[in-house]
Structure formats: structure tokens, C-alpha cells
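The structure follows.
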Amino acid sequence: MTTLYLGPDELSRTIRRLGHEIVENNHGTEGLVLVGLLSRGYPLARRLGAAIREFEGVEIPVGALDIGLYRDDVTRRGAPPPVRPSDIPGSIDGKTIVLVDDVLFTGRSIRAALDALLDFGRPARVRLAVMVDRGHRELPIRPDFVGKNIPTALVQKVQVRLAEVDGEDGVYVYGEEATHA
Amino acid sequence: MSDRILLRGGRVIDPGANVDAVLDVLVTGGVVARVAAGIEPGGARVIDATGCIVAPGLIDLHTHLREPGFEQKGTIATETLAALRGGFTTVCAMPNTSPTPDSAPTVEAIREIIQRDARVRVLQIGCVTRRREGKDLAELSELAASGCIALSDDGNPVANARLMRHAMELAAALGLPISEHCDEPELSHGGSMNEGRVSERLGLPGQPVAAETTAIARNIALCEMTGARLHIAHVTTARGLDLVSEAKSRGLPVTCEVTPSHLFLTEESVFGTGPEPAYETNAKINPPLRTEADRRALLAGLNAGTIDAIATDHAPHAVEDKLQEFDDAAFGISCIETALASVLTLVERRELDLVTAIRALTFHPARVFAIEARIPGAGRLEPGMSRDVVLLDPGARWTVDPARLASKGKNTPLAGVELTGSVRAVVFDGMLAYELEAAGV
Amino acid sequence: MLDVRTQAAPIGAPVPTEWTRKDLLDTDTLSADEIALILDTAEGMREVRSRPVAKVATLRGVTVVTLFYEQSTRTRASFEVAAKALGADVVNLTASGSSVEKGESLIDTVRTLEAIGADLLVMRHGKSGAPYLAARNTTAGVINGGDGTHAHPTQALLDLFTMRCHVGDLAGKKVVIVGDVLHSRVARSNLWSLLASGADVTLCGPATLVPRSLHGAAAEEGRCTVSTDFDAALEGADVVMALRMQKERQEKGLIPSLREYIAGYQLNARRLALARPGALVMHPGPMNEGIEISPEVAHGLTSVIEEQVANGVAVRMAILYLMATARHA
């Protein structure tokens, strides 16, 4: 079973709302850097940056972060995660970094992203923005900005599809919801 | 063991007598008594030879028995048993032992082990130079007197042309052939395989064809000059064979041999059959396996009679001698138990003529080292004289399993290869000395 | 054909394939996809090396042993830096002063290292094929750090990486390798990876030092040629790679003198002008400046020789990463 949770228009609206929340939370755009996780967090971060530019008239630096080398399952999985270059714009020392990812699930990717990020410098603070929070955290990690909370069963899959990567926009959930006894 | 045996209904191939017919062979009183059709057993043990080949016991002009000195690689007991199982009843032992048979006392000492342990007839080849060092001549007349069948420094070519000239002069007077590994060391210079496409691919130092051909040319020239009997050990190249052919056509006393390995395999065996190179040390042999063109030329030379003998160059090695970096691994293939099957497989593939092949394993090698002068009837099935007979099954298929070789040397590049043709039984010295268990086929 | 681009991989581009090999012994059997995987991964590693903290902890708990039977400063150091930059533990062994000197066989040494807990074995050996023997006798992954005159795959891959950075798609590009090609493991491994990448290769050197038949099928396709005329070979070259000329070649009579070699085969400014303008100058090192390459060319505008060394760390990180993680598959 496939359920469309957010269509293209809702996705765009959500991104604009997240942009407003981020700027509001930061009391402006001063020192703000958006860092998207590869692969889908990065285009989301770029879209957030574009949205903020639209309503604030300010270009926010946007970076890409690859967490392949920081995953805690690298030498345990069958296929190693691909390693791609990160692209962090300038120094992050003293900046407010907003990590951007598509789906927040166990929290392990964010743990890896924090380790990766801190290898680039010492930001003043790090925030987390995700398009979907599907629950099932395994680590004490909590998002600061959430596009949509989608309660899911473990067996389900959540996919944020983005035109830049997948050729279309939309948030989908695959598989049956667990029937609670 | 039985000393009255009737091999009934086999295809008897006795090239020395131009016999190729379905006949019975009766062995009794220590010799081949009769070769005829419809022999009555008269109490002899009858072995049904239908569909099989009955031939004289095979003769190997080039065997390494390893004892004394290298018993971890092989002993006279193990390697002559291997020879027996391979169908060979007479083997000529190369002198690369320690001590080397470069004097009568050493020859005598080795003969004592042979008399005690050997399962087939062993004829000793004496050294050309002391300790095979290529510096001073061995006492050749003493070696002749002690019964050496031929002279050779085996894998050490006599590099010094003047020394070889004098060796040939003396050998000619003694009537002994010199079996020479024809190689110009300055050209082969540390090469561990044939120089060519595969060696360049593998980054291994190669032995060029010219290392063999220049040495053959030199030795033929010295043979012409001295009148000595020159036997060219394991010729491997098409061009080398041309030189032998030309010398023979001029009537020079030159003979040559080829190994089953060079007839059956090429330099590709070093690379192996996989996508990645194998650096197969079991295919490391000196002189090296050559190209397919060379292999075909050797087959043609054998079929045409230019090549006199098939000689094994059986070279057993201990496991650790081969389990090494390719350059460091020992040269040589343990092949006395696969030689006949390799040859019969080539016959089955129609690359080799059967009677020619049997001739090159029996009658011709007997003539090359004048063995018949010492062993009456050797290499033939001469009633009242010949004492050795082999029974071959030319259709039997078997897969080479190194672990099942009688030789201590498990170093064969044919492991896992299916061959056609097996030795079913061997009569040695008039007695049934070996019989293949039915389960073994 | 190899997926090569004129620029670094676009951010977030998918990586083509998976690494499934236990060993990396040569470039000859690598598929174009596997080569692309290594080079793409190396892009990520190069970025790691450019960070303020140029080190990650990915291979924490992985033991890399460098086993060098031959003297080597550069390759061994490059592997060590690469392994440490990934957080692996590194043990360096050289033949002198070890059990090897006491006559221990290669196989016994390798099995001992495996028993000690080596996950990856980087091996340099003077005998061609030695890493193949080692790889067959251990469950540890074996990386060939140069064997005899046979292969040096990591050098070839870092060379390819460097070329890809500057020349882009190598299809139809002309690469000239000059020097003692016959005895060069660098030239051999480069030949296979360059041909796989679609480049045309000219092997150039004195008649005694070029192969006669190595190029086989590629020669028939006209994609690999052998030349003894360096000036002529340089025409239209996009990349010129000079190999180290060893003095012992003169001692062995393979060349009459270094002087004559320099006259015929030194890569100098006059000769470089015969190649395509802006042709890349490469050398696997260590250089004999003034012999196979003139100082002004070695340090000239289009020389990427130092970059090759830096890229070597990134490429070796990529290889260590792929092999250390794949072996748990």
C-alpha cells in the first residue's frame, strides 16, 4: 500500500514554513548556515535557502554533508555506504548550523552528521530540520523544525521524493500500518 | 607375482619389429616367450587384453630420482614405483644428485641403493664435469667403465665451448652419448619462463628461444667436429627442432627428445585459465613451456620422426619447493605417472600418431642410448630376449589427482585435468610387477 | 567504458557499483565500474584530506599491516597516512629485521599476520606475482603495493585519478609513457587502467626497454603502440608520463649510457613542446631530475607530480575503505 502524505504544493508550502521558523528561531539570518545531508537533505537545504532568500532577501550559505565515513554500521553492513565529498561553505566556527535531512528515523544518521560536522569546526549551535519525523528513535535526538510528523510502523518505509533526485516531489509511505492489538 | 602370463587378444604394437596386430603375448621363464595368434595358456595366468595395447616396457631417457641427496623430493624407491605405475620399466637417472655420479665410487654407491630399492631398471647417466660445475672434466673413461649409459651435466649446460669440445672428443672415443640441456646461460639469464607475451604480461624474466637455438647450433657444430654422439635433451622450440632436422639430414650423429609436458602444455599454463594470473609454479620447468606454435612444431617433428624419443624429465619436488614466489620456485614437473596418458590423450585428439608415440617411448630411446647392447631386447618384444611388457588401456579416462601419485613429487600442472589412457599392467623382468586395481579406473 | 567526467562528481551523485573483491592485485581485471567506484570514493577522501581535521574514525578497529620486502618510503608512507586518516591501526613490517630475514616463507609470514589479526595486508615484494601467492593463502585482504616488474595497481589508480581531474574523459586521449617500460610495474598497471578508460597509450623507450608483445589485443585495435622515437611519439600527446631510469640498466648493458638515454628519452622543455599544448606531465617518483626528466619540466606549469603524491593518499584511502568494509559482506 502506498500513501501520498504530501503533494508537490504541500511540500513547497512546508519548506516555506520551515524557512520562516528557522529565521524566527534564529532572530534573523545572521550567522545562519544550512547544511544538508547527502543525498536528499542537500536539495532540501538548497530549497530552504531559496525560500529564505525570497522572503528575507538574504543569501544563506548552503552546504552538503556526507556521513558515509561516520556511520556506526560501516564495517558491519554488507555494502559499505558510498563516500562522496562534503561541501561546507567557509568556516563554521561560531555559526548557527541547521542540519537538514529528509526523514528522521532512528537518529543514527544525525549522530553521524554531528560527528562529521564537528570535524569542520566549532559552531555556536546546531539545530535540526527534517521534512518528516517518523518516530522510532534509538538515540536521544530531537528535531527543532519538523515538516510533518508521520507516525509509522517499523516495517513501513517513508520516502521524501524530490525533483532534483527523483524527478518528482512528494512524501510517500509504503506498506501497511501495524494493527495495534 | 606370476611368472607365466598370457596377455590375450590385445593390439600388439612393437615398432622395432614393425608389428601392429591383434595377437597374444606369452611371458614365461623371465622373458617374452611367444608373440602369436591363438596361444594356449597352458597354465599361464590369462589377462584379457581385448581393446588394449600391448607394447614393450617404456624407456625414459631423462628421469630425476633425487636420491642420494634430495630424499625429501623423492627416493629411488618412490620414484621407480612411480615409473612402474607410469609404464616405464627402464629409466635413465640424471646425475643431479648429491653426491653427483662423477666418479666410479659414487656410481657404485648409488648402484647399491638401486639394487636394494629400485622397482624398475635404472641406468645411470654420469657427469660431464666434476660436480656438474662446468669447470673440469669428470673422469669419463672411469664413468664409462662403471657402466654409465650416457654423460650429462643435466640442468647445468656445459657453457664453456672448449670444455664441451674436449668432452665430446673423449665421449666419442668411449662410444658414450652426451645428453645436453641446450641453453646459452647468458641469454636465458635468470629467466623463469618462456620469453614472450605471457612473460611480459606477468613481469617475469624470460628465456628467449635464442637461448636454446644458439646452444643447439653450437653443440651440433661441436658434434660435427668431434664425431661424438650428441643427444639433445628436451628440445622445446620450433627453430631448435629445425636445427636438429638439418643436422640429421646431413647425417650427423644427433638425436633428440621431447617431454610430454612440452607436447601437452604451453606457456599459458603459467598464467592459468582464470582472468587473474595464477603464477602457476607447477608449470615452471626448464627449459620452459613455450608457445602453441612451438608445441605444434614439436608434435609435427615427432610425427615426422625428427624427434627420436619422448622423455619425461620427471622432476619431483617437495611441496615447499613449489609453494613459493614464482621466480624462487624450483623448476620441474612430476610427470612420469602422467606421461603416457598425456601422450595417449594427444593420440585421441589426433595430434599424435599412436605407433609413432609408442616407438618414441620404446624402440627409439633404446637405440638412442644403445640400451639394447646392455639389456637384450629392451624396447622391443623379441621372443626369448625381451623381459618387459606394458598393457595399456587407450580409452580409460581418469582425472589427475596429485594426492594419488606414487611419486613424492605432487608438482603437476595437470591436477584436475582429465586424461585418456592408463597403464593396466606392467611386466618387468619377466614378472607381473604392477596391475591397476579395477577400482582405480 | 569508464564513467569519467570533466569535473568532480556532482554533489550527491550515485556511486556506480559495489566492491566485492577480497584483494586488489592489479588493475587488469577491474571493470570500468569498479575503477569508477574507487575514483569516485577517492573524491570524497580528497575532501576529507582538505578539512581542518583531515582524519575520520571510520576504520576504527581495523588493522592494516604494511609488509614491505623492498625498500620504499613513498608508497609505504602513503598507505600509512591513508590508513591512519581512516582511523585504522597500522603495523609496519619490513623484510629486514623481521622473521623474513630468518628465512620464514612468504606464506608463513602472511598466515602469522592473519593470526595476529591483520584485516588488510599491503604488500610490496621484489618478485612478480608474490602478492597472488599471499592472497591465495590468507583470508586477509591483500593490496598489491608493487610486485617485481609486474604490477602497481594503486599507483595506476592514483595516476588515473590525477589525469581525470585535469584531462576529464580519457576516451580518445593520448597518453605517452616513456622509459624502462619493460621492467616497470607502474607502466603495466597504467596500461590496463588507461585502456579500460578508453585512452590511447604509446609505450616509448630504447628498444631494449620496451615490450614486444605486451599490448596484444589493444595493439591490434590501434590503441596501444610501441615506439622508440620519443619525439615522434609525443605528437598530439595529452599526458606524458616519465618513468624512473635506474642506473643498473646501464650496468646490465640494456642502455649504453645514461648520457645516451638522456639524449634520446629525457622529457625536457623542447620535447614537451612537441606534445599538445598544456599536456600534463607526470612521474610516479622518485624522480631522477636531469635524467628522465629535466627540472624545468618536472616543476613546470603543467606538472602534476606533487599532486600525484597527494592524490595517492586519497586513492589509497578509498581502496582501504572499500576493502575493509566489503570484506564483511
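We call the chains A, B and C, going by the order they appear; numbering starts again at 1 in every chain.
As a convention for this text, contacts are C-beta pairs under 8 Å (C-beta built on N, C-alpha and C of every residue); 3 or more make two chains touch, one makes a residue touch a chain.
Keep in mind that this is a model prediction, so the values were computed, not measured.
For the interfaces A-C and B-C, the C-beta contact count is higher for A-C. If each chain is reduced to the average of its C-alpha atoms, the one that sits nearest the average of all protein C-alpha atoms is C.
The most distant chain from chain A, with centres taken as the mean of CA atoms, is B. Centres computed as Cα averages put chain A at a distance of 77 Å from chain B. Note: centroid distance chain A to chain C, computed from Cα atoms, is 39 Å. Measuring from the averaged C-alpha position of chain B to that of chain C gives a distance of 45 Å.
Chain C has no residue in contact with two or more other chains.
Put simply, chain A touches chain C in their complex at residues 38-39, 42-43, 64, 66, 68-70, 74-80, 82-87, 115, 119-121, 165. Interface residues of chain C, counted against chain A in their complex, comprise 8-9, 11-15, 18-19, 40-41, 43-48, 51-53, 55-59, 61-62, 86, 318, 321-322, 324-326, 328-329. Across the complex, chain C is touched by residues 196-197, 200-204, 275-279, 320, 323-328 of chain B.
Put simply, chain C touches chain B in their complex at residues 25-26, 28-29, 105-107, 125, 127-130, 132-133, 147-151, 182-183, 185, 188, 211-214, 216.
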